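What follows is a single structure, and I will ask about it in a moment.
For clarity, chains are labelled A, B and C in written order, and residue numbers in each chain start from 1.
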């Protein structure tokens, strides 16, 4: 097991460097000169050649690419992402609180998704082919195909405006979580529900289930074994989905005015605030790699076969 | 082909196919189907209800909602299909090379795919827009960049499977050129694989691209696009919520149809899977 | 001799496409005897066994009568049938590798089964299993209990199933092609254990196989099945030496040549 962990961690580190380098180079490939972008972002009326040169030196853009990359990366590792062109404050003071807000939303959403899709998945798998199974599958399919940027505003209109029982937007107490979490769960729940249901059904046709039943184990125990094996596929799926959700919050955060990184990133794109975009990419990438690693380790911990491979 | 026959028996899949083909046709010939100019502003008709001239009413600028909906098929569906076709082509070429030649070329391509796939596509899209600026063409570029790796991998697996088969080995031994073997013996076999991944990725891509337009990162006004129509409708939602319905339902129907079609295609291609409809028929004939 | 299991007019069909799998199957199993179910693959042998224990998938339907010591198994409530399974009716599966939950250690299955039927604690269960595993010649049984299925071989797991059956002491043991997925040497070892099992317990055995060599060695009575129906039912010498039906004659003659070698090996190593 220890060997496996070491091997996976060693594989993750170069991936992080490759991705960080790619994102850094891409930003530098941008057709707009960062210096010009910085000046524009500050509403400088006339951009002269001289001014551009000055800004370049000021932002350290006149140094060779690799040196800049090294400086930028070592800064990133200390959570120093540079200065925002627009807001004139450090990017980290902008992005870290926003990241925490997104993390809160993602945590609550993933718990909801895991709970609901497991409950529905198990329920439907045990009643495969029944009316309840078909009904739940149909409803969840409809939910999944509803775009969140459509159902979100409609829910605001219905629950917050017409019924006036929930806040329309922003972050605050627990009630602020309800609508965004529901809307975000909609787009993911169908997938995980199907994953659990189908893997339960596949597992219940396995030989070991037959032998357990033949040995006279009660349904409760047999189902526990089926669930244990089915969750193996689902758990690594869940872990992979969490960083995907970090990126997927963009729409929901904008619909519900949730002050998270997705919203920050979109406004940075409009402002052409490159350091913020760069920081966004690197943070999400780091989390993506981290969670992929965790997913692998968890599935290795519960799946004895993989541990040795 | 038996897969086509199976698909024809699947009533839902056929409905989706007919619906999607008509959507595509209406989109291509939008000027013939749209009753009005989609960008013509008429302030006297702001928020007008449905009428004979304007079947779905008018929006906040008095533009014809139905015409905008029809013209929006072009960026929302046709452009997505176009971008995806390019992606499929890239994926096919790389997948063929990678799967047929194997060895070092394969290794390099697969490592590249790994890096691309280890990254959520939303982030790559945001990065591309962040770097190259707002606009639909950049989103489509991002879509090509994020999806090619996946297509390459699927097609490579299929190619590897088929290039081991006897008739391909025979063609090689008989002295057919590599190009001939690839285009005549391997490519046709992978078409079914391509069809399945194509239709299921259209589904998610339509949702995603309209989503970016909704955020204002994609198509720019005044060109109609479903996501953007939703964005505009959202601003006046409190007083005129019905404007939310047409573009939302359009996105939902089209993406769900592609999703259904993808599922049915997969089932039809799977020799083990027997469609539900034929089962019912069998019972009837035995009873 | 007392009849422990009486199957009469058993029909099995798939309710999804109304396909008949087993048609009007009848046979009886006497106390302390071994009945062999013989036939090609797909002749409905395994399905018959599963139907007896109520282990068929939900879309498989059965009709007819299966009487076991006064219980009518087909109509018995699921809960009661489940209680009979394991303690009084025991099954040994074909493929040992897939018969145990891949995410649990082997001991888990034994402990849960024994606690369910006898209410034993982990220590009691392990103790008895270790004892029983030694009798089926499994080495290091204490270590064995802590292993995952993929770390063991098919033959070892097969013998572990026999060991469990020994502890459970059921009235009927149903062995569904227990030797088919094994290599010849392991096959021999497992067969040896079956012969010993027959001696050690007073259980009646239903032995499903398409290997007539194996059947010839173990069985007292033979049921020959083809396409879901019983072709022939009688005592071993009756069926093997004076087959009534063309199909049995064909089966016996075609297998005789192949079975020769196997019987030589078996015959040369009489375990008792």
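Keep this in mind: contacts are C-beta pairs under 8 Å (C-beta built on N, C-alpha and C of every residue); 3 or more make two chains touch, one makes a residue touch a chain.
Only a predicted model underlies this, so the values are computations on that prediction, with no experimental measurement involved.
> So using the touch definition from the top, which pair is joined by more C-beta contacts, A-B or A-C?
A-B
> Please name the chain that ends up farthest from chain A once chain centres are defined by their CA atoms averaged.
C
> With chain centres defined as C-alpha means, what is the inter-centre distance between chain A and chain C in Å?
Distance between chain centres, rounded to whole Å: 51 Å.
> Between chain A and chain B, tell me the centre distance in angstrom, where each centre is the average of that chain's C-alpha atoms.
Taking the average C-alpha coordinate of chain A and of chain B, the gap between them is 23 Å.
> Spell out, as numbers or ranges, the residues of chain B touching 2 or more other chains.
Residues of chain B never touch two or more of the other chains.
> Which chain C residues qualify as touching chain A in the complex?
Answer in residue numbers: 50, 53, 55, 57-59, 82-87, 89-91, 93, 95, 98-104, 109, 112-113, 116-117, 148, 150, 161, 164.
> In the complex, go through chain A and note every residue touching chain B.
Counting only chain A, the residues touching chain B are 15, 18-19, 22-23, 26-27, 29-32, 141-142, 145-151, 153-154, 156-157, 161, 243-244, 246-248, 250-251, 254-255, 265-266, 268-270, 272, 274, 277, 280-281, 284-285, 288-289, 292.
> Under the stated contact criterion, what part of chain B meets chain A in this complex?
115, 118-120, 122-123, 126-134, 203, 207, 210-211, 214-217, 227, 230-231, 233-234, 237-238, 241, 244, 247-248, 251-252, 255-256, 259
> So in the complex, which bits of chain A are touching chain C?
128-129, 205-208, 210-219, 221, 225, 228-229, 232, 302-305
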